[in-house]
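There's a structure below that I have some questions on.
Per-chain residue numbering starts at 1, and chain names A, B, C and D are given in the order in which the chains are listed.
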Amino acid sequence: METTEATEATEAEVRPLLTVNNIEVIYDHVILVLKGVSLHVPEGGIVALLGANGAGKSTTLKAISNLLGAERGDVTKGSIEYMGKAVEKLTPSDLVQLGVIQVMEGRHCFEHLTVEENLLTGAYTRKDGGRAIRDSLDKVYHYFPRLAERKTSLAGYTSGGEQQMTALGRALMANPSMILLDEPSMGLAPQLVEEIFEIVDALNKKEGVSFLLAEQNTNVALKYAGYGYILENGRVVMDGDAKSLRENEDVKEFYLGLSSGERRSFRDVKHYRRRKRWLT
Amino acid sequence: MNLRKLTLMGATSAVFAALFSTAPVVAAEDYMVLPSLVYRTGAYAPNGVPFANGVSDYIALVNARGGVNGIKIKLIECETGYKTDVGVECYEKLKKEGPVGAAVFNPLSTGITYQLIEKTWVDKVPVHSMGYGRTAAADGRVFKWTFNFPTSYWSQASAVIKYIGGQEGGMAKLKGKKIVHVHHNSPYGKEANPTLKILAEKYGFKLTLLPVDHPGQEQKATWLQVRRLRPDWVFMSGWGVMNQVAIKEAAAINYPMDKFIGNWWSSTESDVVPAGGAATGYKGTAFHGAGDSWPAHAAIKKEVHDKGKGAGPREGIGEVLYNRGVINMVYTTEAMRTAMGKFGTKALSGAEVRWGLENLNLTAARLKELGLGGFANPIKISCQDHETNGPVRIQQWDGKKWVFVSEWIVPMADVVRPQIEMAAANYAKEKKIAVRKCDGSD
Amino acid sequence: MLYREAGQFKTNYSADQAIFPILQDRIFLAVVLIFAFVVVPLIANDYWLQAILIPFLVYALAALGLNILTGYAGQISLGTGGFMAVGAYASYKLATSFPEMNIIVVLLTSGLFSAAVGIFFGIPSLRIKGFYLAVATLAAQFFLIWLFNKVGWFYNYNPSGTIDAPPRELFGILITGAAAKPWVKYLAALSMLTVFGLVTKNLVRSAVGRSWMAIRDMDIAAEIIGINPLGTKLLAFAISSFVCGVAGAEMLFLHLGSVETLAFDINLSFLVLFMIIIGGLGSVMGSVVGAAFMVLMPIGLTNFLVGWLGMQATSAKHLEFMVFGGLIIFFLIVEPNGLARLWQIAKEKLRLWPFPH
Amino acid sequence: MDTLYAFFVAPFLDIADSPVFFIEVVIGGLSAGVMYSLVALGFVLIFKASGVFNFAQGVLALFAALTLVGFMDWGIPAPIAVLMTAAVMVVLAYAIERLVLRHLVNQEQIILFMSTLGLAYFLEGLGDTLWGSNVKRLDLGIPEASFEIQGVLLNQFELVAAASAATMVAVLAVFFHRTRVGRALRAVADDHQAALSVGIPLKSIWVVVWSVAGLVALVAGIMWGTKSGVQFSLSLIALKALPVLILGGFTSVPGAIVGGLIIGVGEKVAEVYWGPVLGGAIENWFAYVLALGFLLVRPQGLFGEKIIERV
């Protein structure tokens, strides 16, 4: 592993909100997808999970929120701890009550429910009464003024950005302390991506919500995240605080599309990658 | 391969490997195999169950008394669920069962009967479709292996019209009367239509045909039409749930129940009991008695049920369909006895039982001997006539039980028989079947 | 260990595009066919042929037909019974109106009639999808059955309303009717299934098959890349109904010998649908395996419960219903993609053996 | 020409000739339609909440009626027997979730549909094993007498059926749109996984919805059982509910009712006035053709939610 001196990293070691310890995930009893992934999310932090398509980002998030069962996946090794408690056996519903909620890739709004009804479903597990839920709703509308305008339209008929906001707002309705955010930028215009991430940042700063976000858009992710992990083929190949990752030659090369020297040929890249993998 | 899938595959192959040998037969003495195609499951189970119980109990009684002339009968039930292809499967499975093969098949379904008719020529096993099946099979010259005595749907229809004529004060009074035939929309239900049409022309009554689709749970439209027509009489060829609903709907439009006659598959306990008091006065045809007042029934109670060998509940003894199972078995066992007169006392092959059926002569005295005096009409089968144009009686539901309200009505052979012979001749032509001469040579 | 394709090199495109590119598959198929064509007729008795194997072959053909529509083109149909009835009644009319017509021609022509009817009832599929379409195909089911029951012309006005298969010969051997030998009928049904199976196998990997699957997996996207949805869907309906129609005609001529409309009721539609789901959607082999399963299972259960455990036929039947329903659920849970998928996984394992992944 | 006349002119003359009878036919159709709706409602509930096309709904009605009659045969008074049957239906719902649905989360709809067919077989066998297959009379004391108003025949039983259907719909509409659980049910219908991800416990939701459907089946079973006796054929009423469903939409509670009424009236009018021309017994397929006709105009059914599609 790369060694870093960043303070956030040590902080993470000290007060981790979420700890994932060497988990292995197998789909359908045959396909090994995660081959030992470990990571930490500090309280109040934004941690990015980076990597290409199929690297295992979504699987990691689903393993944490326990949504794998529905896809015939199993966590076969390792452990997951949230606030020091083992959570592998908890149902998604229990996790939401504990404060961990996932916003799934591709938004997954309830198409035939209105935007407001969508938001209200997020409060399903809450037991603190209608008034508190009303307040949360106002808060969501405060962060996402656009949703307030569209609250009576069917979610299926709203735009991609609005759906992403609905999904995020819906998660917020559960009063979470941690949101697992899967590919928030997918299929959205750059401007919207910025908008969404600004809100994530605001939520993190003002509401104290921690985020673990899986993102292919490394650039944006590292702009907002404090710490990052890079996944490749079901393994963590690199981690470090955002700044050091941004400046790392390899990350620049492979994930940010920036190159220090002259362009290398594809062949070089392949060789380089292979070597890199052996090194980790 | 994970364990679950392995077990699954293993279990499947094991099941299929193991299951396809039928049970080992305990072969000791001479016995005859009598297949009983029943339907104790499915939509028509309420009708199939009492019939099967009657069959089973009567054979148990015969066996308890030593069998037919000392030859025991092994009754093998095969569940068809009233499904044609399952019936064929049963037939194929059982036709060679036992030392000499199956004695005779009672398919208990018109559909299955049609399947078997052709196969019997090849397999040399007779089929007795008692009061159902292919009416043309009455012509024994063409249908050598098929019997449908004591009577058929066509005969029944003519007898019903005769009864109605009698009630109206003579056949001449039928002119201008309105008669509705509510029927199951299937080959079975439509059987009576051609006969009724001929009779309508002959006697000048106005016939309306109202088909009801399977299963017949919803008959609003049918009975609204009846309400508008206000027919003088309603005749029904229904089956299963259709009957109960029809009776209820008839009551709902206040149709007089005593002008409503069901055929013999539409006048059973299952049909009237669910309708409750509304059914009182409803009439139906029958070719055997209802109730358990005969000595044979007492014997079944004593020698079968009391010994714990009864097939159904004791209260079921004497129900219409139970009794129909009994009379079916009386015909069967008497045919066996007849055949033993010619071929000797032994297990009879299907061909030999066929001869017994064709030469059956069940007299009133013999019925009395069997403890069933007056239970059914005496009957004599011949090579020409496998049906006998047998008489039917009208029974009426008095709220608790069925009671006869007419004497035996002889169907109009002059109308029915030519139709039968025509249909049989057509069949023989289509299938290139040599017509028998019935002089003892074939 | 035996099932390994290593060492089998393809030196030209045609070899690479063969239906069964792997040698072991070809050997396996050849062995199965030899067994089915030569060994089975020699060892099976009448009961096996008449009551199990012939119905199995007929149902397998029907399942194949439905699988084209549902498995490959993604259109759920509950009208299979109706389309089979079209085949049966058409073949009866053809055989009785033209007694000289070759029986094979009769069967294939009746398939054409069924295809035409299939196209007609497939038209709504352009606008209606999923279960709405499934229920809409019930309109075909009920209407066709009513029609054949109602219009005397279809059953030559005979008083009973049932149709009988007239005896017909092929190459001088009696092939239909009660007097025909069971093994002859068996071979006829088997040949039909083999031919249709191979044709289908080829068809589904052609451009036609690919466009079906494109429509199945995402119809809008398929339309965007230039696949004409109406034509593609209707072609699927046509070919599917053609095969089902032939199966219906076989049902009359080779299996039952005499049918009434009741034989083609909605239960038949469900039965065939079960076959392809249990066997595997979108798999030729799945259709055959599914049919085998659904034909053998009830018979096997009855024989087991009544014959071996000595149960009463009735309670056995009730129990059989429960076991049958339970097994269906069990299979769906264990392998929603059907028996054919199990087979495929087994093959994959064999190829990798002794390595687990 | 004669056929054309019989088809296009005579039926209308007939209607004009005797309007009272026409009203009777319409009322007959309405009352038949209500009976269909009772079954269709159960379908809608389960489809709406779990995306499962539950073919076992008819068998559920049969099973409920069989159980009810069975309890009453033991001498248990009717109201208590009804409550006990309701309890049995809830237990059954729990068992279905535990043994079937839980293992089929996120499967394709057709797989779920097939599993309910398996369930139908199972329950049929179970019902027969437990309670026997003879016809049983169900008498809860619902009045059945007919009476005439202005020459129009009405039946008390049908009025009771209509009233209970109306009540059920009102209760269900409120439940779905005004309560937390109702909203969750609709969310689950849209997207199993997303519902899971926001913490809606699928398992208990399914128990709830199958219980509700079981109770609706109980009501349907009581009505149909009173009408035609309790027996196997009851399970076939599912087939009568299907055209209602495509007409009303798979997800609309009011659609199930309005669809039922339209189908009921449509098929009765067709059977009475056009049936004779076509040879009778046309109502079964006519119901489907009618529904199909509607579908071609509105593919999502009369009240169904719009099908939202994105590429």
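As a convention for this text, a residue touches a chain if its C-beta (ideal position, glycine included) is under 8 Å from a C-beta of that chain, and two chains touch if they have at least 3 such contacts.
Because the structure is predicted, anything quoted here is derived from the model rather than measured.
The most distant chain from chain A, with centres taken as the mean of CA atoms, is B.
A count of C-beta contacts for the chain pairs A-D and B-C puts B-C on top. For this pair, chain A with chain B, the centres built from the Cα atoms lie 73 Å apart.
Centre-to-centre separation between chain A and chain D, using Cα means, comes to 44 Å.
Between the CA-based centres of chain A and chain C the separation comes to 48 Å, rounded to the whole angstrom. For the pair chain B and chain C, the distance between mean C-alpha positions equals 35 Å. Residue positions of chain A with contacts to 2 or more other chains are absent.
Each of residues 40-41, 49, 185, 213 in chain B touches at least two other chains. Each of residues 128, 279, 281, 284 in chain D touches at least two other chains. Note for the complex: chain D touches chain A at residues 105-106, 180, 183-184, 186-187, 189-201, 251, 305-306, 308.
Every residue of chain B that touches chain D in the complex is listed here, in rising order: 40-43, 45-46, 49-50, 185, 209-213, 215, 217-218, 220-222, 224-225, 227-228, 240-241, 244-245, 248, 252-254, 270, 273-276, 278.
Remark: chain B residues 1, 4-5, 8-9, 12, 15-16, 18-23, 38, 40-41, 49, 77-79, 81, 84-85, 88-89, 92-93, 96, 110-111, 114-115, 117-119, 121-122, 134-136, 185-187, 190-191, 194, 213-214, 419, 423, 426, 430-432 touch chain C in the complex. Considering their complex, residues 70, 76, 124, 127-132, 135-136, 138-139, 142-143, 146, 150-151, 218, 220-221, 224, 266, 270, 273-274, 277, 281, 315, 318-329, 332-333, 336 of chain C touch chain D. The residues of chain C lying in touch with chain B in their complex are 46-47, 50-52, 55, 96, 146, 149, 158-162, 164, 166-167, 177-179, 255-263, 265, 293, 296, 299-304, 306-308, 310, 312-314, 316-318, 321, 330-331, 334-335, 342, 345-346, 349.
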